[in-house]
Structures are given as C-alpha cells and as structure tokens.
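Next up: the structures, one after another.
Shared between the two complexes below is chain A, which pairs with chain B and chain C, respectively.
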Partner chain A sequence: MDHASATPVKKQVIESMIPYFDQYFGNPSTVYDMGSKIKKVIEEQRSNVSQLIGAKPEEIVFTSSGAEANNLAIKGVALARKKKGKHIIISTIEHHSVINSARFLERMDFEITFLPVDKYGMVNPAHLSRVITPETVLVSIMHANNEIGTIQATPELADICREKGVLFHTDAVASVGNIPVDVNVLNVDLLSLSGVSLGGPKGIGALYFRNNLRLMPLIHGGIQEMGRRGGTENVPGIVGLGKASELAVEELTDKMNHLQKLRKCLVDGIHEKIGHAKLTGHPEKRLPGHASFCIEAIEGESLIYTLTHEGIYSNTGSACASKALKTSPVLMSIGIPPDIAQGSVVFTMNNNNRIEEVKYVLEKLSIAVAKLRALSPIWRKKISS
Partner chain B sequence: MKFIKNHPSDDSLDLVCRMCPLHLLEPGERIKCMKKGQVLEVLTDYDGALEDLPEWCHKHGHQFIGIEEEDCYKLYIKKVK
Partner chain C sequence: MYSEKVMNHFSNPRNAGVIKNADGIGEVGNPVCGDMMAFYIKVKDDMLEDVKYQTFGCVAAIAVSSIVSEMAKGKTLIEAKSITKNVVTDSLDGLPKEKKHCSNLGAEALAKAIKDYEGKKSD
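And then the complex of A and B:
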C-alpha cells in the first residue's frame, strides 16, 4: 500500500532486462557490432518511452532516476539560460529533488519564488501569472503530488508560461503510468519520469525536453545521450524502462478503473470506521490509487509501525522525507496544523492490490487507530471536551 | 579565422551547452542530409570548435565560410562534396 515509493518490477520487464546483463553486456559506444546492436536497442527503448508521453524519441534523455531528471531540468535550464535571467519559480509542495535543486541555484545568486498552494494543494494560475518577471527563465510545478495525490491544472499553468516565453517543467514521476500524460496536451517544455513508479527498475529515469532546447549537462563525459548526460548507459535499466513504458500504455485504462474502485472503498471505509480523519489533497482531482489522510490524535509513525506488524506497508509522506520525522512541508503548505499533520498516513495502491486487501487494511487500521488513541492524552482531552 | 556577419544558411544546428566531440559528430550527420552548395550554421559555446571545425571541413572536403560571434559562436559550413 506504499506504491508511491516503489512499484514491483513486472515479470516481463525483468525478462526483457536479463540478456543485457550477460549475453549483450557490451558498451553501446564501441564500434564493433555488439556495441552498435545495443545502441540500436537503446534507441528502440527511447522510442517506447517517448510514445508513453506523446514525445519524439530525440526529445528523451535517460537519467539515473526521477530525481536526476528533475536536477537536470532545473539546473540544466537555469545554467543554460542565466544570461537571459536568474529567476525561477517553483511551488511549495515540490519533491525535494526540485526544492533542493532550486536551493542550490539560490546559492549561485539565482532568485527563487516559492508559489503557495490552496487547501487542496492546487497552484492558482492567476498567482503564477503575477509572479513571472522578465528575469524568469523557468517555472517548475509538479503534475501530481506524491504525498496528497492532487493533480495540478498543468495545461493552464503551462499556457501562461508559453505566452510569456518562460519554460515550464513538470515533475511527472507520480503521474506517469497512473493517469494519461501527454506532453502536447500538458503543453510542457520539460517533464521528468522514473522507472520506480512505473513497474520498471530502480536506477533509471528520463527527462523529456522539447525541441532540442538548451540544457547544460550535469554529468560531463562522452557522447552518450547526445552529449547531454555522460557516462556509460545503464543498458538493462533502459531496456526495463522501455518495456515498462510499453506495458503502461497497454494497461492504463484498466489500471485507472481498478484503482479508482479500490480508492473509493478505502476512502469511504476510513470515513465510515474512523472518526476525525481528514482526507488530504483534492477530493476529485487526485491520482486514482492515492488515499492520504490526517488522523487526529495519533502519531503517523506509530501507526505505520503498528500496521507493519499486520503486514501492511504504508507511509506518512514521501519516502525520501518521512525518515526525518519533520512535519511534512506539503501538509504545512495546504494549511494543516502541525499537531494534525503528525497523524499523516498515505496509502498508494497499484494494480496488483485487490479489494480484499483494502478491506483487510480497513479492519486493521481501525483497530490500530483505536489502540493508539486509547494511549493518547490528546485523544482523551478531545473526547472529554 | 574569417569573421562574417548575417550570413544566410539553409539549416541550423544548435550545439550550445553540448560538449566535445559533439561539435564534430553532429555537423557530420546533419550535412549528410543536405544538398551540395547548401550552408549549415552551427551554434556553439565551445571554444575548441573554432579550431576543430575549420580543420574538420578541410579534412572532409567542405568549405568553412567563417564565424560570427554573438551570445554564442556561429560557424558556417558549405557542403561541397
């Protein structure tokens, strides 16, 4: 129930990767036939990934992760365009790889504007329009949020940037493979995706960049990835991402229908069985398999550990940040008070989850919440008042 | 080195931010798709291209027309063969 942090690698994906560990182990940059055959396979996978998001193959650069794709988009554009301006806009609920890339640029004299969001986590397009200046070179606003599941009005935001001649990047790691993602419909200039959330392997991601736009490479090396990302290619990873992309296109409609049913069962069940539980994020404009709650008078971490003993893996927020035991910046941004935000629990389902599992979660969750609340002085105070 | 201004071109290749040896590989591929007599404009911020591209033209039998410097270098190559 924590598929935002990782999805199981599909059997067909694993099978597609295996020959590239031993049988075709060669370096794609070599001039002999093994190298050129592998190079051809990489280009076929580039085409598969591009088809998943409606792009052209030459607009895809493979990276080591979604985080690297976000780094390349933000630092790569900022450094390539610094003569035009040094102002970047991001939202306050971005993934750490976006926020920290922007913070890094701040140390290099770039100015960063953090756009607030409303109670559902939505960026206001009119607000975006107002904060763009002649110095703005890039806007980065995620497509869907990994912690609260909210899907942004990306085409509207991107249109504003296009009209003002500012590049627009979206982190689509949480959305690709879960909802339709087409770079032309979204009207974005750059888009990040990852194998982790797509039923592909870890250690592989990709960045879409429109029409040969200028990107300063972060990893300098040879001619790999058209000179945009040096280093010998992760061939099994690329093959795995390509296969996962191909399967994602085929499965998307059925997956969405399945996940929406599971989510409805889970959300309705939590509202019915557990009092004082608030659904976070947008009630409708949200990822189909995503249910996030703040449950009052409990500690989210305690709940996660209690559920773990019942064989249920869930999360309190993003996998990258939850270990810091810090109040989630995303929940703070949508106006959840810190004491309520502490009771954050996030369930993210995949098409391997079944309705019986959701019912099992509901049963164990209500028991766990009751047990934890029985120990909570905050709960006692709340029910006595 | 011949400096020129506003030279017309039939195709343009933007290699700004891209590193050595892309400034030699990509023009080679692009010029294959062009007709004899056509001019390719190469945009780059790599200083090494100023020496490498004229030499590459000489070696491959193309004419190096000259260079224009704005916010990046613009190098002009005429396909001869």
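And then the complex of A and C:
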C-alpha cells in the first residue's frame, strides 16, 4: 500500500533486461557489431518511452532516476539560459530534487519564487501569471503530488508560460503510468519520469525536453545521450524502462478503473469507520490509487509500525517519522496544523492490490487507530470536551 | 531502526492508562513539537504504588513511557528520581540518534508528577 515509494518490477520487464547483463553486455559506444546492436536497442527503448508520453524519440534523455531528471531539467535549463534571466518559479509542494536543485541555484545568484498552493494543493494559474517577470527562465510545477495525490491544472499553467515565452517543466514521476500523460496535451517543455513508479527497475529515469531545447549537461563525459549526459548507458535499466513503458500504455485504462474502485472503497471506509480523519489533497482531482489522510490524536510513525505488524506497508508525512523531525512541507503548504499533520498516513495502491486487501487494511487500520487513541492524552481531552 | 526491546514495549505498552484521583500528574511536550506525555502516580508511604501514563507520539515515545512506568512502579520516590534519560535509553537497548532527546520525555514527565505530588503534600 506504499506504491508511491516503489512498484514491483514486472516479470516481463525483468525478463527483457536479463540478456543485457551478460549476453549483450557490450558498451554501446564501441564500433564493432555488438556495440551498434545495443545502440539500436537503446534507440528502440527511447521510442517506447517517448510513445508513453506522446513525445518524439529524440526528445528523451535517459537519466539515473526521476531525481536526476528533475536536476537536469532545473539546473540544465537555468545554466543554459542564465544570460537570458536568473529567475525560477517552483511550487512549495515540489519533490526534494526540485526544491534542492532550486536552492542550489539560489546559491549561484538565481532568484527563486515559491508559489503557494491552496488547501487542496492546487497552484492558482492567475497567481503564476502574476509572478512571472521578464527575468523568469523556467517554471517547474509537478503534475501530481506523491504525498497528497493532487493533480494540477497543468495545461492551464503551461499555457500561461508558453504565452509569456517561459519554459515549463513538470515532475511527472507520480503520474506517469497512473493517469494519461501526454506532453502535447499538457503543453509542457520538459517532463521527468522514473522507472520506480512504472513497474520498471530502480536506477533509471528519463527527461523529456521539447524540440532540441538547450540543456547544460550535469554529468560531463562522452557524447552519450547526444552529449546531454555523459557516462556509459545503463543498458539493462533502459531496456527495463522501455518495456515498462510499453506495458504501461497497454494497461492504463484498466488500471485506472481498478484503482478508482479500490480508492473509493478505502476512502469511504475510512470516513465511515474512523471519525476525525481528514482526507488530504483534492477530493476528485487526485491520482486514482492515492488515499491520504490525517487522523486526529495519533502520530503517523506509530500507526505505520502498528500496521507493519499486520503486514501492511504505508507511509506518513509526520514530523516524528522524518530524520529531520520536521513536518512534511507538503502538509504545511496545504495549511494542515502541525499537530494534525502528525497523524498523516498515505496509502498508494497499484494494480496488484485487490479489494480484499483494501478491506483487510480498513479492518486493521480501525484497530490500530483505536489502540493508539486509547493511549493518547489528546484523544482523551478531545472526547471529554 | 528500533531495538527489539523498543518494539516489544511499543507493541505491548505496560501500565498504560489514567489514574483517577492521582496523587501527582506530570504533563510534558506538546503535540505541535511531536510528542506529548502525561504521567499519573499514586503514592503510599513514599512509594510509587501505581504509575500510569498516556502518550501521543512515535514508537520511541510510547516505548519510553512504557519502560519508565515499569521501572518506577514499586520504587521509592528517591529511587524513582534516579531514572534519567540515559538510564531509559540504556534499558531500551538504545534509541535512534534523532529520537534520544525529543521522544525521551518519560523520565521528565515522571519527575514532574513526583514534584506535583510533593508540592501538593507540602501545601
């Protein structure tokens, strides 16, 4: 129930990768036939990944992860365009790889504007329009949020940027494979995706960049990836991502229908069985398999451990569960008070989850919450008042 | 991340609950910073006849409360005062670094409950 963290690698994906560890282990840059054959395979995979998001193969660069794709998008564009301007806009609910890339640029004299979100986690397009200046070179707003599931009005945000001649990047790691993602429908210039959330292997991601857009490489080396990323290609990873992309296209509609049913059962069940539990994120504009709540008077880490005992893995944005002991910035951004944010729990489902599992989660979750609330001095005060 | 002993106390917290008409109550922490504990004590002949608590917080906070109650119950007030953060950490076979301070409020809450009792007695 924590598929935003990782998805199992599909059998067909594993099988597709195996020959590229030993049988076809060659370096794609070599001139003899094994190298050129593998090079051809890489290009086929590039085509598979591009088809998943409605792009052209030459608009895809393979990276080591979604985080690297985000780094390359933010820093690669900013550094390539710094003569044009040094202003970047991101939202307050971005992934750390976007926020920390922006923070890095801040130390290099770029100016960063953090766009707030409303209580559902939505960026207001009018607000975006107001903060764009002649100095703005890039706007990065994620497509869907991994912690609260909210899906942005990306085409609207991207249109504003296009009109003003500003590049628009979206981190689509959480959305690709879960909802339709088409770079032309979204009207974005750059888009990040990852194998982790796609039934592909870890250690592989990709960045889409529109029409030969200039990117400053972050990894300097040979001319792999058209000079945009040095280093010998992760051939098995690329093959795995290509296969996962192919399968994701085939299964998307069924997967969405299945996940929406599961989510409805889970969300309705939590509202029904557990009082004082607030759904976080947008009630409708959210990822199909994503259910996130703040449950009052209990703490998320305790809840996660209690559920783990029952074989249920889930996630939390509670301060206590973070190494830095800070409340999740996403929950803060949508205006959840720190004490309520402590009770954060996030369930992210995949198509291998079954309705019986959701019912099992509901049963065990009710028991776990009751147990922790019985221990909680806050709950005692709440019910006695 | 947590020792077996921490997980044992977390999964089966000892002496959890509230003492009605407690002789001393000690409340520490607040939900905004993370953890909150309330300790209740019943004292007879300078001995902690009963110790109970309620805790809002992470795994460490709950395990700390549980072991502090276990260590304190049946002890004299003087003995109970020697229960410190370090003693609690050691008896749980250690705590993760980031949890050593913020979640380790049990000894403090117990000391506050004893102080509350002593204050009431001298009134």
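Keep in mind that, in the parts below, the second predicted complex is superposed on the first by the 376 of 385 C-alpha atoms of A that agree within 3 Å, B and C clash if a C-alpha of one lies under 4 Å from a C-alpha of the other, contacts with A are read in each partner's own complex, and residues count from 1 in each chain.
Everything below uses one rule, namely that a contact is a pair of C-beta atoms (placed from the backbone, for glycine too) under 8 Å apart; a residue touches a chain by one contact, two chains touch by 3 or more.
Small disclaimer: the values here were computed from a predicted structure and weren't measured.
Engineer: Does chain B (first) or chain C (second) touch A:D339, or do both, or does neither?
Structural biologist: second
Engineer: Could you tell me if A:P283 is touching chain B, chain C, both of them or neither one (first, second, both, neither)?
Structural biologist: After superposing on A, A:P283 lies clear of both chain B and chain C.
Engineer: Which partner chains sit in contact with A:K83 here, chain B, chain C, both or neither? Use first/second/both/neither.
Structural biologist: Only chain B is touched by A:K83; chain C is not.
Engineer: A:R380 contacts which: chain B (first), chain C (second), both, neither?
Structural biologist: A:R380 contacts chain C only, not chain B.
Engineer: Regarding the shared-chain residue A:M216, is it in contact with chain B (first), chain C (second), both, or neither?
Structural biologist: A:M216: touches chain B, not chain C.
Engineer: Which chain, chain B or chain C, is in touch with more residues of chain A?
Structural biologist: More residues of chain A are touched by C.
Engineer: With the two complexes superposed on chain A, say which partner A:M226 touches: chain B (first), chain C (second), both, or neither.
Structural biologist: first
Engineer: List the residues on chain B that touch chain A in their complex, please.
Structural biologist: The touching residues are 14-19, 21-22, 25-26, 71.
Engineer: Spell out the part of chain A that touches chain C in their complex, as residue ranges.
Structural biologist: For chain A paired with chain C, touching residues are 297-299, 301-302, 305-306, 309, 318-321, 323-325, 337-339, 342, 374-380.
Engineer: Contact residues on chain C for chain A in the complex?
Structural biologist: It is residues 7, 10-11, 13, 16, 18, 27, 30-38, 54-59, 61-62, 98, 102-103 of chain C that touch chain A.
Engineer: Okay, in this complex, where on chain A does chain B touch?
Structural biologist: 76, 79-80, 83, 212, 214-217, 220, 223, 226-228, 230
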